[in-house]
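Residue numbering begins at 1 within each chain, and the chains themselves are lettered A, B and C in the order written.
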Amino acid sequence: MGYVSARGGLDAIRAAERLVRRLRLTSESSWLEEDQILEKLRLLVDRVMGEAGLWAPRLAAKALRQSEGDATEAVHLLRAYRSTLPRFAYSEPADADDVSVERRIVPAFQRVPGSQLLGRSVDYTARFLERQSDDLAREEAEKLRSEASGTPDDERSEAHADGDTPQRSPQRLLEMLREMDLVVDRRRADDPEPFDITRTPARPPAARSALLSSMTRADTGALVNQWYRNILGPDGYLHEVTLGEVRHGAIDVEVRHPVTGLPVCVSSVRVTEVEAIEDLEGVDEDRTKFDVGYGLCFGHNERKAIAMANLDIACHRDAGRTQLEQSLLLTTDALDSAGFLEHLKLPHYVTFRSMIERKFAMRKARNRDAS
Amino acid sequence: MTTEVEYGRYPVARLAVPEWMLKVERLGRVYGPFDDAVIASTGPEVGSSKSALNGAVVAAWDVSFEVAAGEALGLVGESGSGKTTVLRCLAGDVAPSRGEARLRTAAGDVSMFELDPSARRRLRIDTLAVVYQDPAEGLKLNISAGGNIAEPLTAAGWRNFGNIRNRASELLTRTEVPINRMDDLVRGFSGGMKQRVQIAKALANSPSVVLFDEPTTGLDASVAAGVLDLIRSLLEEHRIAAIVVSHDFAVIEMLTSRCLVMQHGRVVENALTDQLLEDPHHPYTQRLVAAARS
Amino acid sequence: MLLDDLINPTQSDELLDEFAKREIRRAMLAAVAIPGYQVPFGSREMPVARGWGSGGLQITLAVVHDDDVVKVIDQGDDDGVNAVNLRRLVTTSTGADQTSVAAEASVIQSRHRIPEDGLDEESILVLQVPVPEPLRGVERDMRELARMHAEADYSRMWVSLYEDKVRNGVITQTTGYPCLVNERYVVATTPIPRWDIPRLHESPFLTLFGAGREKRIYAIPPRTKVEPLTFDDVPFEVEDADGASCAMCKSSDAFLVSLPNSDVWMCSDTDWCRRTREANA
């Protein structure tokens, strides 16, 4: 019998699993410690936690190690693990003004109350690939280590751009613009509870909190692409905003104690927060004022937060005229898009057989009409 | 009770005073916030439909009329006068700010503006059809002529392929679309031909009311004349209540027996079409008629 | 249930927490109550990727008990790699037994096929759904799609069938043929072949459709009218194999797949094929 379908069965699956495991665990180099991943690949860990929608640095490090650096796979591992756990509590609302900033820039003004604080950033560093030998790099590391001990926080002393002493919780530019009566008031009462996208699918028309939640958990690349597509793409037009705030810092998360009913701090998370100032020019808009878009995501991921803030205000102004909202809600999740793309690898011989059958049926119909 | 009266050169109009098919009362549409003062700050006397008070645009206000079965009513005026706004409110494309529109149906009178959007859309399937100025608005250009007609038919429950084909070819023949074009995509049709397909589609379920929005604007003069002839003979054949919106008196004269003249969102004159052309009362109408006759 | 049971479930390989299962069961009840209506649910991430049966898996996990017997197939084949993987997940996380014989199974999870035989009043068929929206081919905007379903406004679907027939002489829709359920909602029939469609009509068994990625569950309850959308005078056609029969079991009344460019045909339902061969022998 000549026909063997492309199937492996249990044995084949087990063999593939063993192969992956063996090559991952027995490679030549030394064991990759979680701390190494957390410290040396911190931005990757942040990104994975943001896309997973789960603040769990150690689990994210484990996931990245297991996925051999495949960020989307790591997100999948984290979210699937999350599915096994019950949800006990919802956190108390956190005030973004309580973020203790490690970095804060305000591109809209040269000098701002609270100061610009560049913090840890390569934005202004020439992108030269460092090619020195590992030995030299280790030497430099030793030298820096000895310098750092005993000197004041170099981040604070060196990095703020003007003479003021940077504050850890500076007043935000938006508040100042509000005081100047330059911002439309878009605070609304019809979306009081945050929409939980993990429990209810967000579909257009959706609450703003649903849109923001979807974007904060979106694939970073997808969100950047949505932004750029609307700048340069064939079917969208989006303003470039002026950034009011770009912040990165830590904030406490509290839940209410089930017995005492009092808020208890359960964790501290780092977030990137962006406020994007939009110039209004639509016919039914107040042209004498600005509007503001908001972005916030887990970890240090400015690219994502900026795209999010700009898309937030773009979506509000679009008001359902285009399908921007649908694009953001439905096409930016890393697992949805990657999973569906990869499902094309599954066998499709039943559907293909049906397709071939219709091709011949069409021909038969054509020949019948011709004769 | 129907009183049949012949008007002017075209004995098409049968004036059916009590037997209205569509009755519109005090229809208004304002863009922007408004109150009595805002309304009063616009209109022909002021010379603008835009309020100096707050910038609101009173696109149409206090428009009332009736149309009977077999009658065609014209809405004439320059662009921006509000005539298309009135038509779009009746079509369900634009929500009115005020007023009432009653439609006589087999199931009794319905107040169109009080219907939910779903019931409103159902009316469009078999009771109230629209022929738009731009065929792209009334037709799907990437679908064949027959397929475009199949849409209202299937919406009305037709499920037999042969019957749908027959009905579509009957309508296309009647609207003088070559039957060998029935299966071609509408995209490739000339402007006049697209308009004929749109008319065929509008008639698919024998509606009692048809709204025509500048049906021949944008067509070459000779093509437009052919389409007008077609519309006129169709209106004679079927006892349709028609509303014809046009800036062109030639169209109004050819198709309608009675018409309203609109300026800056208001009706400034309401008369029998031939009277209006012979003896326009309002200065604005006089200007329009003079321009049309020159 | 105690808090401790939730934190430390007795079953160590649990893939879904109990709250999630309860939520999915509620969505399934709504789906059964409104046949063909796509019920939104808070689809969880599973250890299998979106598009790989994550929706079907969630349904199966929510309905399966220790005393259930499950059958999992992909393309009709119990031994396809993804079927094997899903079956392994279901059985190890629930303690249910497994079988390849449809008649022995109480829950059958499938991708792209309905088993040729063996489903009865006791069976639950769980179909994995990649695209639950049958109207997506004629409309992309979800707001408009929601309206079309709400008003049962399916005329554009009919127009697409009309155009298809006009242009191609036949209805060219291959698998996942759109069907009207209970004379109300049009559904996407996963992509099962047209061959399987008639067996959904007035079937004795319950069919549950799970779309994990699109977060929708819908159902065809037992004894429900399922009509493929077609014109009165254009008969619905199932796949025609021109009288061919399976090279292994000689069946000609089963859904057959072939080798490329050959006359060798095989049953896609491998267990049916095996049992037919044994019965012949």
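Simple rule for what comes next: a contact is a pair of C-beta atoms (placed from the backbone, for glycine too) under 8 Å apart; a residue touches a chain by one contact, two chains touch by 3 or more.
Values in this document were obtained by computation on a predicted structure and should not be read as measured data.
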Chain pair with the higher count of C-beta pairs in contact (A-C, B-C): A-C
From chain A, the most remote chain by mean C-alpha position: B
Distance from chain B to chain A - Cα centre to Cα centre, in angstrom: 52
Chain B-chain C separation of Cα centroids, rounded to whole Å: 49
Intercentroid distance (Cα basis), chain C paired with chain A, Å: 34
Two or more partner chains touched - positions in chain B: none
Overlap residues in chain A, where contacts from two or more other chains coincide: none
For chain C, residues that touch 2 or more chains besides their own: none
Residue ranges of chain A touching chain C (in the complex, touch as defined): 1-3, 5, 7-10, 12-13, 76, 79-80, 82-88, 196, 198-201, 203-205, 320, 323, 326, 330, 335-336, 338-343, 346-351, 353-355, 357-358, 361-362, 365-366, 368-369
Interfacial residue positions of chain B with respect to chain C in the complex: 118, 121-122, 140, 143-144, 146-147, 150-152, 154-155, 159-162, 164, 183
Touch list for chain C against partner chain A, complex: 3, 6-7, 14-20, 23, 40-47, 49-52, 54, 74-77, 79-82, 84-85, 88, 111-113, 130, 140-143, 146, 168-170, 172-176, 191-195, 213-216, 237, 239-241, 247-248, 255-259, 264, 266, 268
Interface residues, chain C side, partner chain B - complex: 147, 150-151, 153-156, 158-159, 162-163, 165-167, 231-234
